[in-house]
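Below are two complexes that have subunit A in common, paired first with subunit B and then with subunit C.
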Partner chain A sequence: MSVSAPRCLLWSNDEPVVLDDYVSEEPRWCTGCGDLAILAAVQRLCRDEQLAREKIVFVSGIGCSSRFPHYMNTYGFHGLHGRALPVAEGIRIKRPDLHVFVNTGDGDCCSIGAAHWIHAIRYNMNMTVLLHDNEIYGLTKKQVSPTSPKGLASNTTPRGAYLDSLNPMETTLGVANVSFAAQAVDWAPGLLYDIISKAYKHPGCSFVRVLQRCPEYLPEHFDHWMDDPDQLLLLTHEDGMQVTPDLARIYKQQEIHDPMDLNRAREIASMKDRIPVGILYRNEQVPCYEDVLNPAGLFTPEVVRTNIEAELDKFTVWPAS
Partner chain B sequence: MNVSIKQLIRFHVTGENADEQQMDDRGLRPALLAPYRDLTSLRYDYPLILVQGEREETSVRSLSSIVDELLQETAPHGIEGERMRKHCFRLETRIRALATRQVQGSLAELWDIAALELVSESDEETAWSLTKELNHARQRVPANGTVVDCDEKVTSVLLEHLWRRTYRARSHDALKRLDQLSAQLSQILEADFQTTRAARTPESLKGSMGAGVDDTFDFVALSDMLEKGARNSSVTERRRQRISAALAALQAQPFFVPESEGQNESDDGAARDFVFSSCTDAWHAFEAHTPAKIELLKAIATAELEIDNRYDESEHDELLAGFSEASLTQEDLDFFPSYLICMHIEACQGSEKAKLIELLCSGLPMKVLVETDDILAEPSLCEGQFTFGARSQQLATMTIGLNNAFVLQTTSSCLYQTRDRIECGLTYEGPALFSVYAGSHTNITDLPRYLTAASATQSRAFPTFTYDPALGADQATRFDVDDNPQAQTDWPLQNLAYEDEDLQRVSQDITFTFVEFAACDTRYARFFATVANQGSEDVLVPCGEYVTSSEGENGNKVPFVLMVDAEDVLQTCIVDDKLIQAARRCREMWHSLQELGGIHNSHAMRLLELERNEWEQEKEREIEQLKLQADTAPIEPGDQPIVDQVSAPPQDAPAADPEPVPEEPPSSDEAYIETPRCTTCDECTDLNGKLFAYDENKQAYIADITAGSYRELVEAAEICQVAIIHPGKPLNQAEVGLSDLIERAEEFS
Partner chain C sequence: MNQSAQSRTDLVPIRKPRDEPVHELVLEEFVVEIVSDSGEGAQRCGQSFASIAARMGHGIWTVEIIPAEIQPPARSIEGASGNRIRVGTQAVTNGGDEADLVVAFNEQVLLGRIRAEELKPGCTILLEDKWRSSKDESIAAAYTSVHDQLTTDGFQVVEIPMEEECLKYVADPHRGKNMFALGLMSRVCGLDLELALEQVALTFAKKGARVIEPNQQLLQAGWDWAEANLDIRFRVPTTPAKEPRLVVNGNTALGLGVMASGMDVCAMYPITPATSASHYLSDVFQSVGGVVHQAEDEIAACAFAIGASYAGKCAVTITSGPGYSLKQEGIGLAVMGEIPLVVVNVQRGGPSTGQPTKAEQGDLLAACFGGHGDAPKVVMAVSDIEDCFYSVITARKIAEAFNVVVVLLSDASLGSAQQPFVRPQFNEEWLAPPVDQSPVPEGVTPYDWDPETGLATRFIPGQPNGMHCLTGLAHDRMSHIVYNPEQNHETIRRRSLKLAALQKSLKPPNVFGDEEGELLVVGWGSTKGAIEEAVTRVRADGKSVSSLHLKFLQPMASGIKEVLQRFDRVMAVENNWSDDLNDALVDEENRRYSNMAWLLRARCLVDIDCWGEVKGQPLKPGAIERALREKLG
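Now for the complex of A and B:
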């Protein structure tokens, strides 16, 4: 495949970008926080894909994880609680040339922003959504979140959480038009990178739930899963994630899962005895909202003005001559 | 040998025998074609519907597939559904008959004509229900478009239809991109204008507020206020001119036109500039288009650089000035529409043929259809030597040798099955050749064109194959002969059932060879003679069998083919040896294609044979060696004989690619980190940022083992949440509390 001559001109004064070019400031997250692993994986992805910094934007809501845009030397929007997704959709509509990443926490996405989450999946606009799920509200110092397991003691539930937790993967896979759903854990960085990379390349709304540690408020919460690699179930497939021999030596529990099989994906998502890691569902045929919308032409200022005038003219009462 | 057998052999060898009846005036056809006298009553691929509308997934459909889908969607279960099916199938037959009679129109139009005919032929009661059912079905027909039958124009019409579809798709994408660039360039100029004094004059401000404000605002006062913040344009005059020139070039491009509602394919003005009937014309058009293409590409490059604010005059001015025809890449050419050339093989002679080869070599997006309708023409040099499509086949096989051109050889009877391949050729980024045998009407007894074309495929006289360089780098991936019937065999084997003289059913499998195909052509009737079977059964051999046997095996045998006359009475026709020679040549050519397609590949078989011999020799040696050992060792009861153990083939084939062996960790004496598993949690780097550091992936490794103590290594291992730090053994044996640290480090070794 040859390269377009105009593109050569574009590249002619471009310098290769290194990982540090995407680093803006030292993260303020606690030492040992799983957000750091996600940040490292995303910065590595940007470097490997040589993404132009002015062509990507990170959008977040409120929470520990939502500080993410501050640490990326790109465009960023640290928005309102639960409203990361609608902001991201707005950006996607107006700036289709930008790649949009969304960083949202289990409270931001699954609680206050749940309605937006459902419809963002349904609208399937081309963006990468990373759900940083530590199963606790960390920023406000340990309150129960929708994904906290039943019985988890917190400042708001000292006698343990009363309800069964919400499973974000089951929810996502139950929404119409879902096109990409994957799950990762922050303590398997190779897999995390691979999954985020595949999510980035997916044309549509790619939803990745990353289970992450909160060393401050739930320091031993994931130890049971972390200490025993057999607690992870790797989902492999020739069209999905493939594991290296080194990883296969560590994570022996594997299942060949076709990412197009939605029913099996739902079964896997509901597993309780193991954490499934990999791409549960991917369907590139699901249309993106921005493509379905497919306006006949561009909404230039002239077009918008003409349309508004035409609408207003319908209601104009002309004075009798 | 009796006299009559001698006569048969004489005819076979010399083609002369006054006693046998030559078949030119008998209207015979191969027996396997007997059931296909009336194609209109058969449900097969034709007529085709060239579907209109870009939203349709498939752009070509068969009438039968549309009717099937319609019935599946609308016909209810039970008696009512059965009635609807019956009516729709009758209508389908009638539409097929209309298409055969060359009645032109869309499916909807032919539907109406056919429905009217059926209703007018029915009695009053049936007519009412028929009208109701057909009207109900008519509203739910899943696709509409022009109906085309398998006639002399079908290939070019179909190809142009598919090409226009690719043109419109490309046009849509290109216009979207160009419009976006234009809008963004306009916004740069507009945004700059709004900051200038000119935009803040009372007149300009009033104009920007639109109609209906009249005296509500004092635009003079407003202008005075805004005047204070106005500044001179930040866009230099040179940049403004550059942007304006790029904008003008983007908007004036002649290659793509926006699609308008209800537009006919024939009205597609810009597309017409890319459709030709000769290679020379297409070449001239390409040359004429090139300067405009270069200007447009330069405008795109300028626009993209300007929009990203990356236009560097010191660098890009020179680069753009030097941008010429030589700078065009394949991707650049692929941005523009491809050129479609539809021509007949007769027009492809002399300079035109040279131009065709030049185009196919050039790598340019030229899509060439070369049609032929006579593949049995005898060359004038020598009577009885057949070319069987050599001219067009030669063109296709020769183009494969160019390596970078897509090639499809097929017949008009296979167009529906190969439509996806045609689309692949049209969207392929380089040149494409479509060599199509359109069937023949002249010199053919009473066979419809579809049957002639199908016979050419069946008999391997004009096999179907595809060569698609886009699929991969090797021949096995690119070349495909699987679209031919029973591609593994010399000729397809078909079942023929008939009634013998005693009115008993006889069923036999016979091949459809090149000889059967030639038998359809009246020019070769003199090479056949009908004979009576009685008394000559021992001498007569089916043609397929005769051709595949060696000449020595055939001895005093005479090949025959089974034909039927106009009353479907079976006839045995003996064949002149000239046709047998032609059939053998045809078979050899087919073998060459099979080899290219990986079927009975001689290289592979030779290698296999070599491997087998080597394996057998090796086993022989092992057996000899073991026999020698066995002579000196006692045999335990129940042991499998050694010879059997050795000569038994392996149970599992050896894996093609052995699993890569995972890297072994370093020895436990050495301190190390499993870097790929590091989660970047900062624990170790916070402890000692010189001892531990992050690599280019932001994952920790031991940067300098001497920059920290063994205690720090052990403590880092203890706080690492994913337990990937291994302290190893201490370097400094004089460190305080070493025995305790070594003990703590044990669990991480």
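Now for the complex of A and C:
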């Protein structure tokens, strides 16, 4: 470990942090962009958890959603298209004291970075991964995405998308070591907050797909789902998400789903007629890669010196005495 | 040195008539090879031989002979697996020229070595003879035919019943024939029997006496057989070493260097010929708190190392050419974000998959200029095994001092070669300092570039008041995205200045030979020993030739142009392609120069010729010598 625990504690903040403290600059997203809802939920989470700003890192790739770290008054890493996850893994490996979040879009995560996504789930390093899924490429101006439904007209599929879409929840739930998978929608902010909050608290790689609107390129794309609350299926459980009576009146379609039930989670993920919202799967027993990979013990300069000398000795040819 | 090497094959080594004295050749150096099918233990035999010689105080250089496949077909020309060992009185700096003595477990692998021009014409061959009586007629015929041809061609072939002898000691001669061969070679080459027996015990220490004893018996049997039957002895005088020395190959030295540098994260993806460095680290890195992360691909390995570096100590990623190409975008990000990073590239033959197990130096220009956009990074090369160790430490320090990417170029010939060097004494200054977690002072920005040097303080997550969003987009002092063209121009200038600042601290390299004269050879990386040996040989004939070997390729130390100008002609020599002006279509206007020649021509405005080979082998001093003589006329 690179930072000694007592020093970390010394610098823990003692003054309460307010919402504005997490705000850096005015977002440059389009009016009505679903990213704004995610930003609001995350800032609220940081405030509610009173996270020290210097201990938070938001890591992103490239795309509209990947501008996210710029808008948080924390540490941020806005890197390469598709590579947010391996960067975040590198950040996490020697820094258990940091809160690591990843913001990635459907192109970033499910297309150019798909290999990293599969393996990030398998590594199960402690971080919160937010998939901002608007089912379209935004920053490059309306190209088809792997999550675009078949038939969707875009600049690269003017006669409609050729293939069935990739379902990120099915994929995630199919990967070994998956420990947390949830789905939210940007137009139900209370539920979004609740799900992100549960994801943050999960000790492992928490994957949250947020279906979000792109008012610029797919303005009516989610209207069908938004206009009718019965299109959402709320997953509730005493160990999962609980719904307030107010929300329960709006979202009547509910299923009591045990987040430990992986088989049912996979069935729910594959639903075509409704959007499941809530925690599909959670298993806190899956080991985190950083805990498995990092050697135990204290590596004081003396230990390091002794062990380097021992390694040198291993290959040393001593002169004949 | 060279002349004695030429005359030694005049002797006819045959089975020794009883009671006749043996012929002992006292030499300054010789080259011995052992080759077998894959899996027959020739590599272990060669490594043990080298260790024994090193313990006696000899200078040694070993070269692994590696087939491309894990299990190539038995008795195939391409399947040769083994080791070449050059043994000298003094320090040995390269693998030398053709071999003087070869031990071969079958005649086909031997053919592979002859085709590769690795054997000296007329050299001594100790050949397993069991094939002559093979029940498979085609094998017996092939053996007889090759044997007769070799004899006709003037090789001194001694047939040895290796398997038959081994069967006297073990039921399965497949396991242990290599130790019999080690005994033979040790006797013929004048090694110390006691040390040889000790070496066997060391080699099998983990397996216990049950394995050690039969192997020692086989070694003794080989020794005794040579004593009784062979008429030739090589002896290289040596004085016992006075200092402890390290005997490792280049990749292990790199791994040791990573440990000793204080880095604590190595992210990699398996790729030949670099992976053995990570194998070694995977075994031992945890003892100093380090981790080796085998990523899902080369890109992820680079990104992981960048993330680890950004949040802590400088990290390293180790790869070879194809992996290096894949990492280029990540390297550009580290340059842009000014994140320290060490990238080790153990080069192999290219382009594309090329020759994974073979030596080449073709990645120099890719390392300097490979990524998109203007991405200034430091490029260094290692020139011997000791250098592999210390250069990693230097690379880490430069990376952290300047917040730059440092690319360290090694290659397949160094990666698996062994050469003893003085055992390093642990030094506190090798290690990286603890990660800075102190609060950032008021008013200091994430990129507070110094106007003269371009240097900025790096903010590390956890530092209060240092919050900012690092970005691969063009950015200003606050790390805000730049939309202003002037600011973009300015920030590229700052990053570029860091290389100028580093360059001011570099010492000009020393000229090997006279400071001025007719011909200067310029090399870099693994070819140093071979070039200097060739220069020494040519100079011994009174010719005016010197050499210059570059460690820093980007930036280059000052004063190099002045050195080049003190010579009538300059020629880059490297393990790389360059067009031949004798080809009908090639002329000065379209000639494709070798990497180093391109670089030096651009840097120094000097007319520079080049010579090289891309045969997948380390350059031999003899081949360079011929090129120099031809150039000198």
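Basically, the second predicted complex is superposed on the first by the 283 of 321 C-alpha atoms of A that agree within 3 Å, B and C clash if a C-alpha of one lies under 4 Å from a C-alpha of the other, contacts with A are read in each partner's own complex, and residues count from 1 in each chain.
We adopt the following convention: a contact is a pair of C-beta atoms (placed from the backbone, for glycine too) under 8 Å apart; a residue touches a chain by one contact, two chains touch by 3 or more.
Keep in mind that this is a model prediction, so the values were computed, not measured.
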More subunit A residues in contact - subunit B or subunit C: C
Partner chain in contact with A:226 - subunit B first, subunit C second, else both or neither: first
Partner chain(s) touched by A:309 [first = subunit B, second = subunit C, both, neither]: both
Subunit B versus subunit C as contact partner of A:186, first or second or both or neither: first
Touching partner for A:157 - first (subunit B), second (subunit C), both, neither: neither
Which of subunit B and subunit C A:213 touches, first, second, both or neither: first
Partner chain(s) touched by A:283 [first = subunit B, second = subunit C, both, neither]: neither
Subunit B versus subunit C as contact partner of A:39, first or second or both or neither: first
First (subunit B), second (subunit C), both or neither touched by A:91: second
Subunit B versus subunit C as contact partner of A:254, first or second or both or neither: neither
Footprint overlap on subunit A, where subunit B in one structure and subunit C in the other make contact: 1-3, 7, 54, 297, 301, 305, 309
Partner subunit C, residues of subunit A touching it in the complex: 1-3, 7-8, 11, 24-25, 52-55, 57-59, 62, 69-70, 72-80, 83, 85-95, 97-98, 115-116, 118-119, 293-295, 297, 299, 301, 303-305, 307-312, 315-320
Complex interface listing, subunit B residues touching subunit A: 179-180, 183, 186, 190, 210, 258, 297-298, 300-301, 304-305, 308, 310, 312, 315-316, 319-320, 323, 327-332, 335, 659-663, 676-683, 686, 696-699, 721-722
Footprint of subunit A on subunit C - complex, ascending: 51, 54-55, 57, 240-248, 252, 256, 259-260, 262, 264-265, 267, 284, 286-291, 293, 295-297, 299-301, 303-313, 315, 329-330, 333, 337, 420, 423-424, 426, 428, 431, 434-435, 437, 439, 459, 461-473, 480-481
Complex contact set, residues of subunit A against subunit B: 1-7, 9-10, 12-13, 18-19, 31-34, 36-37, 39-40, 43-44, 54, 186-190, 213, 215, 226, 245-246, 248-250, 297-298, 300-301, 305, 309
